[in-house]
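Shown below is the structure under consideration.
Read from first to last, the chains carry the letters A, B, C and D; within each, the first residue is number 1.
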Amino acid sequence: MTTATPTASTLPYHETYTHQEHWRNQEDEFEGAKLGVWLFLTTEILLFSGMFCGYAILRIFYLEHFTAASAHYLNWKIGAANTAVLLISSFTVAMSVRAAQLNKQGQLIINLLISAVCGVIFLVVKLGWEYYPKYIHHELPGKNFAYADHTGAYIANASDPVFLAIYWVATAIHGFHVLVGVLLLLWVAWRAGKRHFGPKHYTAVENVGLYWHLVDLVWIFLFPLLYLV
Amino acid sequence: MNAHAHAHAHAAEMPHEDPGHHHIASFRSLFAVLVFLLIMTALTVFTAKYVHIGEIGNLVLALIIAVIKASFVCAIFMHLLHDKLLNSVVLLLCLSLVVCFIGFTAIDMTSRGALDPTREHFIGPPPVAEAEINAAIEKAAAEHGEHATEHAGEGFSEEFAPPDQPDKAAPEQTEHH
Amino acid sequence: MTTIDASSGGVGAHAGEHHGASYLHRKGGFMVTVWDWATTIDHKKIGVMYMFATTFMFFLGGMFALMVRLELFTPTMTNDAGQIVGQLFANDVYNRMFTLHGVIMVFLFIIPAIPAAFGNFLLPIMLGAKDVAFPRLNLMSWYIYLFGATLAVVALIGGGVDTGWTFYTPYSITGTAMHQQVFLVTLAAFILGFSSIFTGLNFVVTVHKLRAPGMGWFDMPLFVWAIYATSLIQVLATPVLGITVLLLAIEQAFHIGIFDPALGGDPVLYQHFFWFYSHPAVYIMILPGMGIMSELVTVHARKRIFGYKAIAFSSLGIAAVSFIVWGHHLFTAQTAMANAIFSALTFFVAIPSAIKVFNWVATLYKSSIAFTTPMLYALGFMFTFTIGGVTGLFLATIATDINLHDTYFVVAHFHYVMMGGAGIALFGGMHHWWPKMFGKMYNERAGILGFFFVFVGFNTTFFIQFLMGSQGMPRRYATYIPEFEIYHQISTVGSWLLLIGFLIHLANFTHSLLKGPKAPRNPWGGLTLEWTTDSPPIEHNFHHEPVIHHGPYDYDDVVPPFCDEKDFPLPAPLKPGAAKH
Amino acid sequence: MNALNHIASTLAANPMASNADLNLLERLMLSARSSDYAATHDMVYMVIFWLSVAFFVVVMGPYAYFIVKYRRKPGVPAQRSVSHNTPLELAWSIFPLMLLCVLFFLGFEVFIDGQVAPADAETINVHAKKWNWSLGYDNGALPKSEDYVNLVGTSVPVFAIPAGKPIRLVLESEDVIHSFYVPNFRKKIDVFPNRYTTMWFQAGNAGERHYVFCAEYCGDQHSQMAAMLDTLSPEDYDKWKTDHVLNPKDMFPADYGAFLYKQQGCNACHTVDRAKSAGTGPPWWGIWGRTENIEGGGQITVDENYVRESIYTPAAKIVQGFPNQMNSFQGLIDPEGISAIFAYMQTLSDEGQAKYEKDKAAWEAAKKAAEEAKAAQN
């Protein structure tokens, strides 16, 4: 059904988008933005590498104590549930990028919202079922550690506060990144609502997706190291 | 680089055509990866809980599974397979630095007692702190009897001086003030 | 084929009428200009703002250095009446001064100075681009730098920090260091790290994606190669400083036990974290200096660089090796195995730097050297950097490092490489690109006079410290045994000469800004792209998109733009059969 | 030539140790050499030194020649020349690399055999505390009050070490990282609060005295944290150790207090001179019975309770205008030591000094009388 050729004003934003004037063409701008995001992702990976190195070295010092502490303080079921939630959100983010490329605006927004909701679930589960009970029982890192297991089944050893220090700091920094990811996803969903993204212009969806996948990647490593092993 | 003019001067502006053919991932491949990742998570939980091949063995096994999962996420979800090679090079460069960082630090930390056993001896909290922890536990257990909800955090004494003599086993009693 | 047309104005073309206004052109009254500069995304304005900020920080840090040297003029002794004499400042004040000298010079001056000031200004022009890849991100990193700098100055006014710029735990997290502004300074370092990351990220993408058509990787000037290598290190090393400083701040606030030995952590772990960033950071400081060196030597000796590919790849070589050698800062804290590995790897770092120096000296062969101020700085750089590099051998060999670690030998070594390397290259670069950045010439004689004061003052101050250090004078000492008094006095006198030299430069540049003569578009006869546009350049750098017709250093075959044949004669053309080199 | 020798020797650090066997150049660059390890270290140092001089000449020679020869002459262009020469570039990369490998093995080899102490070495425990060193001999010997030397604005202990016999130090710190550095032995090792580190040396000829510095920044009095090592012949060393075993019983309390004042490192922050010169902590001259106003309001008079409390928990009451930097001496000074410090503090005023002379004389007389009585008995 041929309609009068759409005038510029009626075309959606993603059709009329032209690259910034200091770039030579659209392709360069898209590739440049993606390279910039990948470089930013490496800085995030190196940030978390500090946490993993701290974990590795302190684990070398207190090998068995860490396993006992992890088994006692952390509930692996919650960890596994959170991992599943994040994996699903990763899948929906990848789907939203696909939807943008195929100009399926509806699917794009739905997938973005699902991912954001999954992120929120992850945070709620972490705060509600993990952080708050630990805070109540004083299972805090370092000096303010005053854990006393009433059933007496578990004798805390001196390196528990160190394990909890690694646990609290690593998951807190990761949680912060999940929060920022959720806000970014909501921002992209809001822009998708205004038809900003289409086959010719979906840079923001792609890059926020990459960031979200990184957050998921870090959790893929954090979960077994802290909860299981 | 030398003086002759660059024969192949690029056309000033590439004709404005379709912004390059971007790979579009199929639904089937994305969903297959999701299912694979969930299975791997279940696998890692299973191996951690039921397969016991020593502290280090479990650690290495969990890491291998995590690396497999991570490489799938990177390759397909993050389109690294169908992207410019530069992005993958950037990622590999970063991972090699992470390995360098952890590896070299671990070399120093693990070879502490290599030449001189005394350097292995750890003055740190273990020998002294246990006394504090047990004291805290008895106190908490006693208070628990009167259903005290809040007990001041005195798990650790403020500062515990390391024992004076390296071979003195009994932890030094520090008065609580 | 020696066409000179760099397609923008050409030789002797209608130079007067240039339709674009210079980037310094004031668009209105005072408030409008301030707003224009505050919200600019023009890489040139941001570069100039960085230059003024880092120069201010240099003088602030330098003032602390002078006070440190003043205190060390006389040793503190108890005279026979039992009174303490010869103490200008209390120990505590002295400790804060040398710490703040370190923090300001490292985080606020030498890391941002060359990459942010000259990198921002010159990189896009040298690549033939209109601006960096992400201009808004560029402005954001400027404001992040400003915010971090104000935080550091606030901490300084609030009493400063006495832990040394390395913040070694457990001293930095226990005792009195706690409530001094250690938390504030670590926060400032955390924020400044982001400014460094974003600048590096911006430059890497610019070099990859925004090169002028026809400019391959080996047609780029060597300054761009050096900035590219520096940006790689900035992007890949600074995050680890971020996590280290974040953990230090958390450790201070909540007493978690990662670095605190009393709670189960390990201070050597902190040293590994800190030096994994800080050793690549010292290469962030020196690499841009080497980049400037390659530009200065070729332009003022009017000679093609010797071994272009060798210098380009040695920049990347230094960037790569810099990540695996940090252990040589821990030779007295590490185990023997780690010492062996790090000592062996440290020797690989010396090779690329040596290659660069050999290539610069080889460039001088059969050249035509003009002793302008930038060239004097370039020649001075080669002298001081060779001494700096050579004394590094003492510190890389474990046996000698055990004796020299944390003594004045180390202080002299890193000042020779940082101050004698990056610092002198920065002043050379300032004089070299001053006409291009501000369109005003500086007074040549004043520049040369300033150079002599700086060069003589620098060598007197720091060469004597090598001798003092190898005789066992430890570092960071507020007082010392009387035997070292003569050394400290010579060093302090040297620091006064340095001060005079810097004041001469300051006066020279301010005078040139206010009343300097108009600078020609190509005062030194350079061939890289920044000399093909106006000085100061127009808003979008080039009237028409530049197309590359010759390499950056083809002095044998191309008369530089806006210069006539008389001043810049070309050597006889090659005989037809001669070997093409 | 001896003028140069004279200048060099005045410039040499630590003239108290003989550096006769150093040549002029070494004397300019290195402190006295007092152990075999130091000799091997200096050999490595000089190898690197001459290598550096050669490298410097190889680079700066052509550099200077080119600068003079190729000065820009107006109208004369730079000549054409080769812009890269692969064999030359390979040569000046590979050759230095080989030299550096030699350096590495030389340095590492010397370092390794300087690391492991011989089996028969005598162990001394070194205890580093914020701003003073204390060496724990196996029989608990300690330097006496008169063994303290006036240096870098404070009084510094002098410990004894045997000449020609290996000594193995086991070092630990009580608070922050320090670093035990003896320039004359060319040895240094960091001292940590959470793990032991070791270092060994064998002093050369007897009769020399060596500085000990703290090389890792450790706070306020980092530059005052020094000590001296007196090299004695093995027999003198054993004699020194036996007669330096202090038992407080037979010392006049005020003297024992004075000894503790130096041994525990109070001298680093509290001055005792009549002019009350400033230190990190309040000066002790005329302190007994003085009223001081406390940080955060309130006043106290300096008496036994306040001094005992300040020794065990210094942060409880801080005199106005002084930083809260004092470590607790919990478990380091026994109650008898505390009372000895009270006695010493009371002597720190004009009338106190007079009373001290009088009491000391009386105490000496009483002691002599008691000894004669005991001698007369048996």
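Observations, loosely collected:
Basically, a residue touches a chain if its C-beta (ideal position, glycine included) is under 8 Å from a C-beta of that chain, and two chains touch if they have at least 3 such contacts.
Computed from a prediction, not measured in an experiment: that's the story for all the values here.
A comparison of C-alpha centroids places C closest to the centre of the full protein. Measuring from the averaged C-alpha position of chain B to that of chain C gives a distance of 34 Å. Remark: chain B and chain D have CA centroids separated by 41 Å (rounded to whole angstrom). If you average the CA atoms of chain A and of chain D, the two centres end up 52 Å from each other. Touching of two or more other chains is recorded for residues 86, 93-94, 97, 101, 105, 109, 112, 115, 119, 122, 124-125, 129, 156, 159 of chain B.
Along chain A, residues 24, 31, 35, 39, 42, 46, 49, 53, 57, 61, 140, 143-144, 158-159, 161 each make contact with two or more other chains. The multi-chain contact residues of chain C, meaning those touching 2 or more other chains, are 208, 236, 240, 257, 261-264, 266, 268-269, 272, 308, 336, 556, 581.
In this structure, the chains touch in the following pairs: A-B, A-C, B-C, B-D, C-D.
Within the complex formed with chain D, the residues of chain B that make contact are 112, 115-116, 118-124, 159, 161-162, 164-166, 172, 174-175, 177. Taken in their complex, chain A has these residues touching chain B: 24-27, 30-31, 34-35, 38-39, 41-42, 45-46, 49, 52-53, 56-57, 60-61, 63-64, 67, 76, 80, 83-84, 87-88, 90-91, 93-95, 97-98, 101-102, 138, 140, 143-150, 152, 155-159, 161, 200, 209-210, 213, 216-217, 220-221, 223-225, 228-229. Contact residues of chain A toward chain C in the complex are 21-24, 28, 31-32, 35-36, 39-40, 42-44, 46-51, 53-54, 57-58, 61-62, 140-144, 158-159, 161-162, 165-166, 168-169, 173.
Looking at the complex, you find that chain B touches chain A at residues 13-14, 16, 19-20, 22, 24-25, 27, 30-31, 33-34, 37-38, 41, 44-45, 48-49, 55, 58-59, 62-63, 65-66, 69-70, 73-74, 76-79, 83-84, 86-87, 90-91, 93-95, 97-98, 101-102, 105-106, 109-110, 122, 124-126, 128-130, 133-134, 136-137, 139-141, 144, 151-156.
Across the complex, chain C meets chain A through its residues 129-131, 133-135, 137, 197, 201-202, 204-205, 208-210, 235-240, 242-244, 246-247, 250-251, 254-258, 260, 263-266, 269, 272-273.
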